[in-house]
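The same subunit A turns up in both complexes below, where it pairs with subunit B and then with subunit C.
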Partner chain A sequence: MTQTTIPSPQTPWATSFQQRLNTAGLIALGAVLAGVAVKTTGLSGKLGFAVSFFFIASLLIFIQQLRLRDMAAAKDSLLSSFASLAIVLTLIPIISIVSTVVIRGYQGIHFGMFANDMTMASVNDPVTAGGLLHALVGTIIMVGVALLISFPIGLLTALYLTEIRGKLARPIKFLVQAMSGVPSIVAGLFILSILVIPVTQELTGLMGSLALSILMIPTIARTAEEMLLLIPNDLREAGVALGATQWRTVSGVVVPAARSGLVTAVILGIARIIGETAPILLVSGGADALNFNPASGPMGSLPFYIWKAFLTGGTEEAYARAWGGMLILLILIISLFSLARYLSGRKVA
Partner chain B sequence: MQATTPSSLASVANNREQRVPGTNLLGTGLETRGVHAWFGKKHVLSDVSLDFAAGTVTALIGPSGCGKSTYLRTLNRMHEFIPTAALAGEVLLDGQDIYAAGTDVTKIRLKVGMVFQKPNPFPSMTIGENVLSGLKLAQLKKSNTDELLESCLVRAGLWSEVKDRLSEHGGALSGGQQQRLCIARSLAVEPQVLLMDEPCSALDPGSTFRIEETISELAKSMTIVIVTHNMQQAARVSDYTAFFLSDGGPGVMVETAPTSKIFSSPTDKRTEDYVTGRFG
Partner chain C sequence: MTLLENRSAAIPAPREITTKPRLSDQIFRAIVTVGGMSSLVILGLIALFLSIKGFNVLKVEQLSFITESKWEVLQDAEGKIAESTFGLAAMLVGTFLAAFIAIIVGVPIAVLSALYLTFYARGSVKKFLVSLIDLMAAFPSLLFGFWGFIVLMGSAEYWAKLLNKYLGFIPIFDVPAPIFERSPFIAGLVLAIMIIPIVTAISREIFDQTPLDRIQAAYALGASKLSMIRAVVIPYGRGGVVGGAMLGLGRAMGETVAVYTVLNVVYQINWQVLFGAGGNVASLILLKFGEAGPDEVDALMAAGLVLFLLTLVVNAISDILINTFGKKGR
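== the complex of A and B ==
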């Protein structure tokens, strides 16, 4: 029996260390030349540096590729340069927003804020006075009630579009798409004018939930529809061929198969509305006191808390308080999106 | 694939243990009278009349697009699952037209089960739940489901491979095992007819062999209709063969006969051309 020697695994297609070093050197050279350009020519400031750096570095890599290989590779490298530029341009605002909120909000955070509301404090008091318990509770209750209203309606709409496929499916699909573009203040005004003013004559958390539902239903319906369309038709046929009615097939086979996708739909729906400010301002009143009852009395919320601190306060303390509220809201939204990614990434099996 | 000559196929068909039609009768069987089918305005199947005696295996063969799968789906009313579908003619199960007004379509599909081309176990269910899913979906009450679970998996030839992993998900099985799981699933509601739409076309030869064994085993207690592109398979498993063909117009059933006759001395020239591999 012959002994076979197992070769060590190779990746001959990968960029070699030497090549990486060369490219890094060219980019560094580009930075130096850009610095020289800013010093010696009319270009000035950070923007001048960034623009000249990008063009000089792209040009250097282009020439390197042209010398080492050919025109096609050089053009290829130019496309890579522009793609990298696009990535940087996309990331700048995101990183800038998140870092600003974290740096400024950090000063407005303290543990007492999760135990107190604003009944005994004014926005201009030191940030350690009062807290945002009422706002956090109000946001969670209003979003929770909005979810209870929106999920069944959104899911049933999606089932009508994908499973029943009735005669009205096309116009309804169009309406749902159009509704997802409704400005949030319109949703607030709608509830204000058809429910609050003529009927209840009271600003409550429930009214806020209803306004949020108008925004949430289209998001859930559209996402759920996409998730249900991913379920292969084979499964529906298999269910029906076993002697199940359409309803049993949908509830026993199709919806369970789409479960993780439907969780994603819910979380995207929540993330869509959790930071909405305009409808909340119009119909939920906005309170400084803790209120657990959505059916009676005004209710606070995180966006309202931020809005009030910014608008009615004038001191550094008030601004710090607002940034703190934003940080909490941002953490809530980022955790929801991470949860959605985690749940939708998990295999059903 | 080995060379396909009519004599070799005929000998395959002859060497198989012959089943006698009419033994182990569960019902008087399934028959169709002048079945036509349409999708929208397109006439895809014309005037098919066939008898499927209880306890036999019938193979439907023919080139792609000849309407054999469409015909198969008319037998348990899966045809109407396609929105533009239309139909004419009668499909009689135990002498009753399954398309008669007032017929409960779910009851028909309980009696006439189906196995699809692509294995399609339910992804949200475990292996055990998949087998018993028909009971739950059709809301049938069964006592002693453990026994049923085992007997279905045994008859589908899968029991020894999965008996220790019934709570795993069906997606973890190989393609051939998944297809046998789907067969076990359709057995759990105790159909009297089983329709198989190219059940082995997505499987390797080893899995195909296991499924053919399963078919021979099942034929002792039920009527089986199988659509296949594999003429060797038709010769190996079926008692009767029906040859379908479309000349651009709607598909027609050219000839039906005992399988050994179809592969040795077909009456129609077109059948002979097809089984000898001269076209298709």
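== the complex of A and C ==
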């Protein structure tokens, strides 16, 4: 018996450790040369360094590829340089935004802020005075009411697109898409023109909810449609084969199967509107006192709280207050978003 | 054999079948259809009511509402409104200016990022970057505005000065006075950062739909990544990417709060992107709304109508492009 050895799998096309080391060395060399360029030439500052670093490093890699292989490989390396640059440029603002909010907002956070409103404090008082209880309550009420209005409409739209699939499905899909592009300030103006000016003459939390619904419906409808499309047709056919009517199939099989997907739709809808500012400024009045009744009187909200502290203050305390509110808002958005990711990541039904 | 004897009885009589739904289903279908029409109804109502409120102003101003650039309410000695002129042109120019800067800066970065995410990033890194960029799309515009004002402004002012110093001979980079703060350029940069996640997400989806067999065919012919992308991905996804860019344009044109915080809203036509004055339609509405009298509110409604129709057209074009090129390919 001869011993047969099975060769271990090879990946000759993959980048080898040596090649990676070479590239890393070239990038480091690029950084050094860029530093020299900043010291010796007219280029200066962080921008000068970043620009010269990028061009020198990609030029070095380009030359190396040209030397080792050919022009096609060298050009290819340029594309990867530019794509990496683009992703870095995309990430810089995200990192900068989140770190700014965390660092600045941290100073504006204290435990009393969840127990007080701003009736007895002005935005320029020390941050320990007053709080954002009214804003948090107002946001929760307004978003809650908006959800009560938007969810049924959004779900019905999604059901029309996936279950009924009538002649109008394509135009409706288009209109939902168009609706998601309606500028938020137009939603506010619309509520003003249809309800506030001719009918109620009063800015209330309910008007804020209605304006937010216009922005929320398309998000819920589109996400719910995607989630309902994931439900396998076998389930629908099984329901019908058991003698169920379409109504029983949808209510007893399709919607329960898509439950976690629909929760995701709701969460993404909330995340979409929770930070909306423009319509809130136009129609919800904006109060400094606690108001539990959306149907009467102005209502505060987190975006309004931040907006007011930022624009009417001007002192360090007011800025700290605004960033503190922003941190709370960002934490809410990130947790909602992570929850939606977690739920939609699970297998449907 | 009883079975044979009863054979005639075993064959049921032919019966009528119908495809007509039962009453419960008819009700269900009616309710869902009515609910499904809601987007049509809401969009129709928006157009209708903004037109009704803006009608008086539009009737007086007619076409000069969008061609003239004068927004004035003159009061006489008793505080009554003596004369008012409403022309939106300066703000329309500002809207397009800021949105185009956003597109010029944002779209190349977004498309290259999408290429990176689709063809370079792998495994968990890719997953993490995709969720991070999707999360960024969910950030409120208020946050972008404040960050732009507090953090970006300092750096952007420096970049604006550099542009002015070296490219100042080009008319749009010239400035009448050395005020670089709160310029359309900076507002455009903030808008660019806002649309990057949106355009990236759509481009990535389009690139993901490139048929794998064509990609592999290109590789099998010995193509490098660059030539594969040029020969397969770009021709396949071009329309969809343009659609994504149009969607970004629509977002940028309708943005209110971020532009209002960053830009120094002044009512004048300003082509010089580095000079600290300008505005857009949405920020004008927010600025003027607080102290507007009934007449001016009507004018603002008309401005809202113009903005609504503008974004509707842009979104419609983008939707058509994404759907024709995204789903079916060439």
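As a working rule, the second predicted complex is superposed on the first by the 302 of 349 C-alpha atoms of A that agree within 3 Å, B and C clash if a C-alpha of one lies under 4 Å from a C-alpha of the other, contacts with A are read in each partner's own complex, and residues count from 1 in each chain.
We take it that a contact is a pair of C-beta atoms (placed from the backbone, for glycine too) under 8 Å apart; a residue touches a chain by one contact, two chains touch by 3 or more.
Remember, predicted model here, so these are calculated numbers, not experimental data.
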**Request:** Check the residue A:85 against both partner chains and state whether it touches subunit B (first), subunit C (second), both, or neither.
**Result:** second
**Greater residue coverage of subunit A in the superposed arrangement, subunit B or subunit C** = C
**Message:** Per the contact definition in the header, classify A:165: touching subunit B only (first), subunit C only (second), both, or neither.
**Reply:** first
**Message:** By the touch definition at the top of the document, which applies to A:257: first (subunit B), second (subunit C), both, or neither?
**Reply:** first
**Request:** Figure out whether A:276 sits in contact with subunit B (first) or subunit C (second), or with both, or with neither.
**Result:** second
**Request:** Could you tell me if A:245 is touching subunit B, subunit C, both of them or neither one (first, second, both, neither)?
**Result:** both
**Message:** Is A:312 touching anything from subunit B or subunit C once the two structures are fitted on A? First, second, both or neither.
**Reply:** neither
**Message:** Output the subunit A positions appearing in both contact lists, the one against subunit B and the one against subunit C.
**Reply:** 245, 248
**Item:** In the complex, subunit A residues that touch subunit B
**Value:** 165, 232, 234-245, 248-249, 252-253, 256-257, 259, 348-349
**Asked** Inside the complex, what are the residues of subunit A that reach subunit C?
**Response** 45, 47, 72-73, 75-76, 78-80, 82-87, 89-91, 93-94, 96-97, 100-101, 104, 152-153, 155-157, 159-161, 163-164, 166, 168, 171-172, 174-179, 181-187, 189-190, 192-194, 197, 214, 217-218, 221, 245-248, 250, 268, 271-272, 274-278, 281-282, 303, 306-307, 310-311, 322-323, 326, 329-330, 333-334, 337, 341
**Asked** Which part of subunit B faces subunit A closely enough to touch in the complex?
**Response** 76, 78, 81, 83, 106-107, 109-110, 113-114, 116, 118, 120, 122-125, 133-134, 136-139, 169-172, 182, 185-186, 189
**Fill in**
Counting only contacts in the complex, subunit C reaches subunit A at residues 21-22, 24-25, 27-29, 31-40, 42-43, 45-46, 49-50, 52-53, 108-113, 115-117, 119-121, 129, 131-136, 138-144, 146-147, 150-151, 155, 158-159, 162, 193, 196-197, 200, 224-227, 229, 247, 250-251, 253-257, 261, 282, 285-286, 289, 297, 300-301, 304, 307-308, 311-312, 314-316, 319
